[in-house]
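Here chain A shows up in two complexes: once beside chain B, once beside chain C.
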Partner chain A sequence: MGAARINEAGLRRDERLERLKLFGLSSPAILLILVILVLPVGWLFYVSFIGADGSFSLENYERMLKRKSYARIFRTTFEVSFLTTGLCILIGYPLAYFISQLPNRLANLCLITVLLPFWTSLLVRTYAWLVLLQKQGLVNDWAISLGLWEEPVKMVHNMTGNLIGMVHIMLPFLILPVYGAMRAISRDYMKAASNLGAGPVRAFWTVFFPLSLPGLFAGSLMVFILCLGFFVTPAVLGGGKVIMVSMQIVSNIELFVNWGAASALGVVLLVMTFAILWVASRFLRLEQMTGGGGH
Partner chain B sequence: MTPQPGDALPISVRNVTKTYGSVHALDDVSIEVESGEFLTLLGPSGSGKTTLLMVLAGFTRPDCGSLKFGDREVIRTPPHLRDVGMTFQSYALFPHMTVAGNVGYPLRLRKVPKPELDERVERALETVQLGGFGSRRIDQLSGGQKQRVAVARAIVFEPRILLMDEPLSALDKKLRDQMQIELRHLHEKLGMTTVYVTHDQREALTMSDRIAVVNHGRIMQLATPRDLYERPANRFVADFIGDSTFLRVDRRGDRISYGDTALRLAAPPPAADNLLLMIRPERIVLSPEGPREGANNFAATATDVVYQGDSFLLNARLPDGNTIALRGAMRGENVVALPRVGDALTLSLAPEDTVLIDGSEG
Partner chain C sequence: MKTTTILTLMSTVAAAQAFAADQTVTIASWGGSYQEAQSKALFEPAAATTGIEVKQETYGGMSDVRLQVSSGQVTLDIVASGSGSAARAAAEGLLEPLDYGVIDVSTFYPGLYTDHCVGGDVFSTVYAWNTDTYGENGPQSWADFFDVEKFPGSRAYRGTVAGALEGALMADGVPMEEVYSVLDSEEGIERAIDKIRELKPHISVFWTSGAQHAQLMKDGEVDMTTGWNGRFDNAAADGAKVAYSFNQALLDYDCFAIPKGAPNKDTAMAFLAEISKPEYQDDLPKYITYGPTNKAAYDTGEITAEVAAGLPSSPANAALQLPVSLEWYAKWETIAAEMYQEMLTE
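Showing the complex of A and B:
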């Protein structure tokens, strides 16, 4: 009983002081986040509830429910996001797999070529696609001279062009996490599968693929969420035929100067994004619980 | 269904060579592993022992050579058709499957019907003393348990050959000692031809029927643990297995001498001009009463005395500057008074412990 508790008070005071110091050190970051993130988003919420006459009102949200065009815009947004994500998976997963199986030096080289587009402006890349895909563009010229098709095919100012551009821009966001997850899969797993009697195809689907799923989830989620709020590419390559939420927000402000309506759209998009993140995070946690953490 | 010792297959490795650039990972290696034998490949890292195991498993394609399991030539057979069990240094347990999922994996590939599969998985888990662990996740297991699951997964489909790549290297010493005995028992029970890779000489001595010491992609010696320890073929083996002091000796015909003193030998020396006297620290003894009749005696001065609990370690310098290491049990007069640094001592080596080896190697 009653062991001497020497220096107890002093040690506790040190502990408290240390915590205060840590809080002090991180306060600039907290302040920054408050100013550039929390305040604007709060203001967005506030404005979305202000009607045309300047008083509190739900008219911005009511309009969204009543007008068919809004429903279509949301449907287009989700459609474009789903398609882009799906195409990114179809192209990105095999590519990531290929790169992950290369020796280190070659893999790094390939990754740089994947990342290279990141260093050029989004706008430049989008307009480059416009040049390539237009009726008298490079792609049509070559395809016709190679005899792939006879008449120039319309590949811009429609969904096709929009998807080509968006997939190109989103691809690195998928490849990087998938590649990371794949690199973390020890080659011993594949050796073990093979030793236990699995041919290459069986080994891939029973061992490699399930272990790469967390990376694929993360990458797909990132691409999908980025697509939801995408503006530049659909605006340029969609040619007014692909109208997404972000474009409606812009026209609400530029054409109709209706900040309330624009804010309400922003809020709905934000809430939807959070909802998707929330569902996905539950899904991912489930994934981790079954041990799919990559190791 | 229980494998009998007669079910095991012999392994025949003939003239296997594997080069990486100009480096010989395996240099014309030939080994015959007998049916049901526990053979250990022992060597330092980079010696080629793991490469040889990978050739057996089919993960490394050699430049040339032959590999037979029984009568079947398998050198060109892909790994998934070789039907050998294997455990990996990293265990390589699939993290997205439960323990039962892992152990049942090879059975599912072999389309074993569900009730039989469950029964065999449980039986394999019981064999490694993990009965009832089937529903655990891999990350819930300790290192020793992972090792056992890896073993269960490697034996559940009743392969006739079992390969083990440093299976105990990640475990702490106590568990390692225990697992060594357990794996040895398992081998006796299942009787599979087992090839075991380790860099730990004590582990090799404890577990093996025979040990192949590997260095620079070649088999330096293949012998029983006892022969390896007591009659090493060359300096590398003598150095790698156990501790020893080497002294260069002179040969004039049949007369072998160290310095001016002729050595008394129990066995004829190897036929080489360049000979080394190998002294195991536990075989040379302190002789407080002075030189012993009929033994080889060395006058020396103690330079280091280390108390190690069950024993003591002593380094003694000979007049010519060479140092001999000696290990003695802590009992009798040693408990009362260990020699002290600077004491003049007589070290004595019986003729049967006076082992000469070919010193031309290395």
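Showing the complex of A and C:
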């Protein structure tokens, strides 16, 4: 008994030492996060409460309540982010499934084509869509010469064009984690399901799909969060009518004398994003959403 | 006696030159072909004449000046700015008052210099149209631009409030000379915005940069747009089917200002006096189709009659236009911009 207790104490000491070591190793990273993330965000909060005359004031928040345009801009931002995420799931999930069922070498080739757009700058891809989709662009030219439609169709300088561009840019962020999760699902599970009498459709929905969910959540979350901060694509493809929060932040810096007018927008976006994550986490386990576990 | 006078004079001249030799000014402008034109026509020749050494930078506009002045770290001596943002910066106390005892503006167009900013070039906000769509009979007034029955087709319009309301009011029947008095209230601003609201279903694009509205015309994406005359000239030179009119256009100007607490304030003042002279301003149109702010630049013979006819500030063209009111922008721009935003997001 005595030996066991000594042993236990020794183990505990080891554990403490180990934890201290780990903390020591991660302290540069923690410090970095503190300096580049926590402090600036804290500063952002502080500045958002500074009025035009330099004293404490709620005017930056009052303005957002007074003018209806701010509520509409936030609505557009979340609408665009939800729609982009939804479309990415609709397109990306089947594609990831298809790739995951291919033999390794072919799958890798497909993944490279998925990743290819990553090697081109976002700005270039956005302008490429503008050139393709505009009134006298390639898509309209071809469609008209093939007789698909008679008059040029308006596909850009509106929400449609903006969504096409954003979905294209965001797709790899969804496909990669989903593909990773699908690849990790053993094929034996599907075999077992059909052995037990499930048809392919039932086996997919009851076995494969639930197992792929952590990847889907991780990908959707990443796409959604990244969409909230989009600037270039809506500015170029939205025709000045799709106004997202990041664009309004820039106009507010140019329009008002103080940084607070812009900071307050950032704070509201941040708080709303956290609120959505919190609500989502009530329904889904957070570790599942971030892909860290769930098995 | 005479020799002494001459000697004194000579030494004064020598001293002045020695004095000038260690003088430098740092100038910030918008870069690109615009700053290149300024550099070739104004900065380099003036530096050669005065012996003042010029350092050029590009900057992001008055928000940079605001940052420098508020942090007490002013490095810029002269900044090129749009007239409207300069007026707002002056109202905020970010600019030094200019000394018009040093800078000679006696031959300037009235209204192209203020207490804090002296005009450098004149440009116009015009309406432009696709010559393939409308042939020779394009719109000749703002009323035409807003008339979708007479001129069917898609439009582009400015995405921010600057230069957006004046034309709308004229289209709504307000005579040119009454535009700013009508706009001098929230009701007047709303009236102009309502006119744009009416046109909005036909506005495919709200543009945010000069490059963008030029490209829209080049690509034939819209049939009409508002914009800056120089950009359309460049686009037309590149083969775009675009024409514009100066009738009822908005006559505006870019100007030079000295940030508050500029390190070489006095040298900057002397340098501004030099580049405001007609013999520099008359070279600017060779590099960009923007006109001089100094009337006397038309008398030196450098600007040919043909070039002058195409410049916004030529007497004939200027007479057709509404000069932009800086007082109005200083007083109303922030409020009007928020109201404009309401219309954009609807």
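What we mean here is this: the second predicted complex is superposed on the first by the 246 of 295 C-alpha atoms of A that agree within 3 Å, B and C clash if a C-alpha of one lies under 4 Å from a C-alpha of the other, contacts with A are read in each partner's own complex, and residues count from 1 in each chain.
In this text, a contact is a pair of C-beta atoms (placed from the backbone, for glycine too) under 8 Å apart; a residue touches a chain by one contact, two chains touch by 3 or more.
Keep in mind it's a predicted model, so treat the numbers as computed, not measured.
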Touching partner for A:P40 - first (chain B), second (chain C), both, neither: neither
After the superposition on A, what does A:P94 contact: first (chain B), second (chain C), both or neither? neither
Tell me the contact category for A:P210 with respect to chain B and chain C: first, second, both or neither. first
Scan A:I253 for contacts with chain B and chain C and give back first, second, both or neither. second
Figure out whether A:L196 sits in contact with chain B (first) or chain C (second), or with both, or with neither. first
Please work out whether A:K68 is in contact with chain B alone, chain C alone, both, or neither, and reply first, second, both or neither. second
Thinking of the overlay built on chain A, is A:D188 touched by chain B (first), by chain C (second), by both, or by neither? first
Within their complex, state which residues of chain C touch chain A. 61, 63, 66, 92, 159-160, 204-208, 219-221, 333-334, 337-338, 341-342, 344-346
Residues of chain A touching chain B in their complex? 186, 188-189, 191-200, 202-203, 206-207, 210-211, 290-295
Interfacial residue positions of chain B with respect to chain A in the complex: 57-59, 78-86, 88-90, 92-97, 105-106, 109-110, 137-139, 153, 157
How about chain A: which of its residues touch chain C in the complex? 63, 67-69, 72-73, 76, 134-136, 154, 157, 235, 239-241, 243, 248, 251, 253-257
